[in-house]
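Across the two complexes that follow, chain A remains constant while its partner is chain B and subsequently chain C.
Entry: the complex of A and B
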């Protein structure tokens, strides 16, 4: 027995080095950061942030060359695929990571936290996401998920001496591990039912009549629920508000954008490659999850008094919008394309506008030391630039043209209506109704900033403009420009996010 | 010159105000004078370009879209940047281009509390871009974007510079209109997916309004059209506002600063009725036919309800706001007949209401400035204290109640008349009943307007204001900003053909296509 295992010759897969170049670049910079820490010790602190952001941008280079090359690549026996979809998502992750590093620079340096380690964690988590975008195999997906989650648990509890940060990290960790367990169980069921971990094989097996329906159904449900935690869909969102509030704000920005997007990327790969043929199983599930997330998130957001918690709940609702197209994705190949493009578009635009909102929160918290909505009263009077920026981001999240968010929502509704089914139309109406509910709390913040006078009892200066540090300003400019550009010239983002995943199975 | 206008005219007239706003953002807030000049300059430049377009417009061919621009915009959804001007758009675009500079002039020395002329004028210019863009856009998605662009500036105008209850009023305005436009967007998408080419039966998948008007709902079942029309009905109906979606209007008007009210009444409300005329009715003829009696019903309810509402008001501005509900009811009644006669009357009504009610809101603002209240029972004797203003108020009230010879008449009277013979297929008896009810509405209108005039302008001045130094007659700035509107009221009243001749070919063409 043992002999037979030993004689099993290890066959090294043919590796397409160009295809994995972005990951290798990231890995290289992660290693470089470690070296800097070991060799330079404290002196290294001055450069780590710059090095990390440079690493993220440098990793964009191979992504661009791959896009330039244009050919779809597949390596590791098909478990790792580089196509337009993967490249767009990699670009989103890398750029979002870059903005998060910009947001973190002053926060981490001034808080006297472990800077070097922090940026290593960021790079590692981004690496996990970048891998996730290409993963087309259950094991690779799981490895990518853990690669991004474990650093994220650590980052959430980065303010070690703060009780809330500890609570945030612990909650996130416990819920995350629980979700991983659920996910693994689902994956094991799928593997058991289909005999393969490759998504394409799984699709072929579950689409036919051969696979046991009950096992497949359970597998799909468990997998979707596992990722439901990651993307904070209702009712698996319970960790999000506490974690968002307690974690350092740049980390919250990272979790709410990049980590959520990574969960969606995995879900998209699973749905469009793995079980696309089983629309009867995942469509109703997605419908319920989407509708519940939209209503749940928006209704709970209405009563929040803390802006970060509010954004946590609004993030639940946003997850609902993004889940919605998956509820019709299996109707036809054309619908599948529409649905995929719409979610990818949403993720890209959402990254810009949500990171922008957090950039303002970080800038304002430097003055007010709080994210309570009341602290935003009268912001327009003493810091009009930040108030206008925040208004732009919030109204973009609400989906008011001509700001980026409208096109994201538009694509979602377009995908929902395209098959012309009653369920799709009903979900489209739910999206429309929820946009109005959401507008209420976004507009309320806007009117706090514009209408009210600055609080008189405030223990902070309400007369001079807030001057954000350079890196935060840079983040604001990047995200603001993207939010406006995506809204006025949606073709810029639409051109890249017009991707496809489903390949019609023969027969 | 003509070539330049053909290619760039409409784009420029739409975006010059926005460019002005962007330039103003770069100017420090302390340079108040320069900011005001910039605002005036950009709105005047837009007006001049609009004037050139109107001079160059081929009136013999007013039914056709002119100065058409058709460029790539969002290819992934097959939406294009299409602008065009025809006889329906032209009067409304002209109205916008005239009213905004007048508002800038009017606000020159009285930026409402809490000041900040920079932000105030920037918002006004963004509003102008949105409004002009809506009237010239010929692609549904472009239309939608412009339609929504006006929301944010108006929200902030009410929320920041409004009266006491401004937070409530502004959010209510925002939520109502967004709810409507969300449903409207769903309807646009339904049109996108369901419209087919009558020749080949293939799905068109286009947002091009010219094409969609041409096919006029071909391939969409009547029952489906009813649903799609319902979405647009709510979207445009909220904006008009039609009874029962009107409740945001009195609040918004009462709280809004003077020029906010003027722009809201003169132009924003027209976006809704324009949507009916341009999009809902021609693109979904069967849906329109099914809905027309109900639209007519809600229109006459609006007329009567608005008039009764007016009679019950104690606040002058709120009264004018309710009168808007009634007047827009006449416009909607004209549209509901689905005849070219009725729709022509409706467009005239839009322009006339824009000028007259805009003027009334200007007056209300000036009254508030002098008396520091708009409570009707505390006002009185304006003809004694500020005779010119009192006379202007009288003049505008007469115009508003539809006195023949003034612009208001041509908005109301033909609309009522058109209900006598609605389009084929509509219940004639029902519409004739509406006609009678609407006619009663004009009597009520005369009632509340004359009563308003009597209580505010006539009699002796109240004791509390008898010696007030604030009460002066019309100032120079007011003359400048009011004179064009007053001239318009007389001009269009005496020569209604100025508008009817422009709109008629376009309306006839719109109704004739497809059907």
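Entry: the complex of A and C
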């Protein structure tokens, strides 16, 4: 009897250790961080930040060796795939995580927050993102989403003695859980309609004529709405401004870049691998979401007086730009490749320029203790370096050549125009119109910094230059160099982000 | 393309599963009534207890479908853990244990509107897709098959969940801890 139980046919999965090496490295450093806290107690505080950043950089090594190796790896029966697309996104997540750790180091140490636990949260969330980049089945995608979201909810409320941080965390948590429920419901509908959690199987099942169209449509809508919350697309953005404002600023940078990019990665895998053949379902949905996000985000950003809230709304608009190519992705295989490459390019460049903007905000807030736009008046007079850096990042976000943002927007518009459909052209025009609207509010901040005099009644020192701590300066240099390099040498980033996911279905 | 999962069109069409259908109807009725009572009752504790009936009904439906694992998980996790957590939450916070008129407040109309809309849309979609599909249960799903799947195809997700639980635990302690 026992023998028959023990001889159940279980096939031990052949594990490709190289393919999962980045995740395992990150996991190892996370465990090490926990051990340091347990063994060294207070003495460990000095090294946790360095250990976390080293862990993130060390995880880049296997990513690079995998890229050097070049072969596409598909493990666990296709549930976990390492290809160019996954590797590029893993690199973006790891480097963005590294910059966030740089931004956090002084902020968390000086605020006397729970340092070790904070970096454990960062590493866990980045692990979730790195897994997400490779996940090609619904269960893994969902678990990766939770693994990156739950630490993020907690990090948003990390300044626990501040009511606004509590509000930020609670709002983010409630909206995020609600979005997860909607997403899970959509996933269960897709599983019910197709009988598989694998994205490739789902694609084969939903593309055919025999697919239960009504259920598939509902499933796709629910899944897209669920991720709409994560990437803060209009009208699912309502949590973003309050959460961004209340959360610790390095956490806000993390949410606005890494967390948003992770949502996009899942959305891209789902659209391009999972239901690419159902263009009639997702294209109109993406069109409406993209147009609404661009207009909604930009028009609301115009009225903001707080720079963090402004960046929250501008992030909504940026999500709109990135959703736009998905509205034409299903036209042909060539269009799909263009659309995917353009979104990946945008994500990489967006990460650099947005993290840079937050680095300046953190540096300036050390002096002014505020992110109100009025505090930036006359910044050039007393702190020209930071003013120049901020101008670079803002102009990059607006898409002014020769800074990184222009190439990102150019690729998006090119992808929209390439199929030559009326809907694609219309969305391209909307992107152009919105870039002009966005330029207005970015330029307004720049003029505050350059033209106006420092506020006389200010309760902070406006005569001596602001000296950011070394780690923040390092973050500024990294993001600034990346923003400039992406703009001046666009073929360089274009070479890396020229990725492909869609495989033509047989027949 | 025929869906390859549990739902598959019956080719023979011979078996009627009379007993299953009768029990399905009875359990479904209990679930619907309990679910409506759950959201209309003015007493929070009663609402939680009505929810127990709904979840137990769902577990029973899974048994009828031959999915023991899901049914057992449903009872253990939802009734055993989540409802108990609800009740503890109600007890530990200052929520009133008796009738509370503020529970059924101003947002009632909107909530019922959303619920009815969702029910209609879902109903139409499911009827449109599956009205002529028969559920055929060849053999009950075995625990062994579930664990095989977890430790082979879904091993990454399984490991990720353990990291997730650890991270959630550490974070929750930090946030809840008194300073």
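Heads up, the rule we're going with is that the second predicted complex is superposed on the first by the 497 of 507 C-alpha atoms of A that agree within 3 Å, B and C clash if a C-alpha of one lies under 4 Å from a C-alpha of the other, contacts with A are read in each partner's own complex, and residues count from 1 in each chain.
Rule of thumb we're sticking to: a contact is a pair of C-beta atoms (placed from the backbone, for glycine too) under 8 Å apart; a residue touches a chain by one contact, two chains touch by 3 or more.
Keep in mind it's a predicted model, so treat the numbers as computed, not measured.
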Notebook entry, point to check: So, on chain A, is it clash or fit between chain B and chain C?
Noted result: fit
Margin query: I'd like to know which partner A:30 touches here: chain B for first, chain C for second, both or neither.
Written below: second
Note to self: Is A:140 touching anything from chain B or chain C once the two structures are fitted on A? First, second, both or neither.
What the structure shows: second
Next item on the list: Between chain B and chain C, pick out the one touching the greater number of residues of chain A.
Entry: C
Margin query: Just to be sure I read the superposition right, which of the two partners does A:384 touch: chain B = first, chain C = second, or both, or neither?
Written below: first
Next item on the list: Classify the contacts of A:120 with the two partner chains as first (chain B alone), second (chain C alone), both, or neither.
Entry: second
Note to self: Looking at A:204 after the superposition, I want to know if it touches chain B, chain C, both of them or none. Which is it: first, second, both, neither?
What the structure shows: second
Margin query: Which partner chains sit in contact with A:178 here, chain B, chain C, both or neither? Use first/second/both/neither.
Written below: neither
Notebook entry, point to check: First (chain B), second (chain C), both or neither: which does A:131 touch?
Noted result: second
Check: Could you state the shortest Cα distance, in Å, between chain B and chain C after the structures are superposed?
Finding: 34
Note to self: Going by the contact rule set out above, which residues of chain C touch chain A in the complex?
What the structure shows: 1-7, 121-122, 124-126, 128-130, 144, 148, 151-157, 160-161, 163-164, 166-168, 170-175, 179
Note to self: Which residues of chain B touch chain A once you look at their complex with the stated criterion?
What the structure shows: 29, 72-77, 119, 141, 144-145, 148-149, 151-152, 155-156, 159-160, 166-167, 170-171, 174-175, 178-179, 182-183, 185-186, 189-190, 192-194
Notebook entry, point to check: Given the complex with chain C, which residues does chain A contribute to the contact?
Noted result: 5, 8-13, 20, 23, 27, 30, 34, 76-77, 79-80, 114, 117, 120-121, 124-125, 127-128, 131, 135, 137, 139-140, 142-144, 146-147, 150-151, 154-155, 157-158, 160-161, 169, 191-196, 204-205, 208-215, 217-218
Check: In the complex of these two chains, what residues of chain A are touching chain B?
Finding: 341, 380, 384, 391, 395, 400-402, 406-407, 410-411, 413-414, 417-418, 420, 425, 428-429, 432-433, 435-436, 439-440, 443-444, 446-447, 450-451, 489-491, 494-495, 497-498
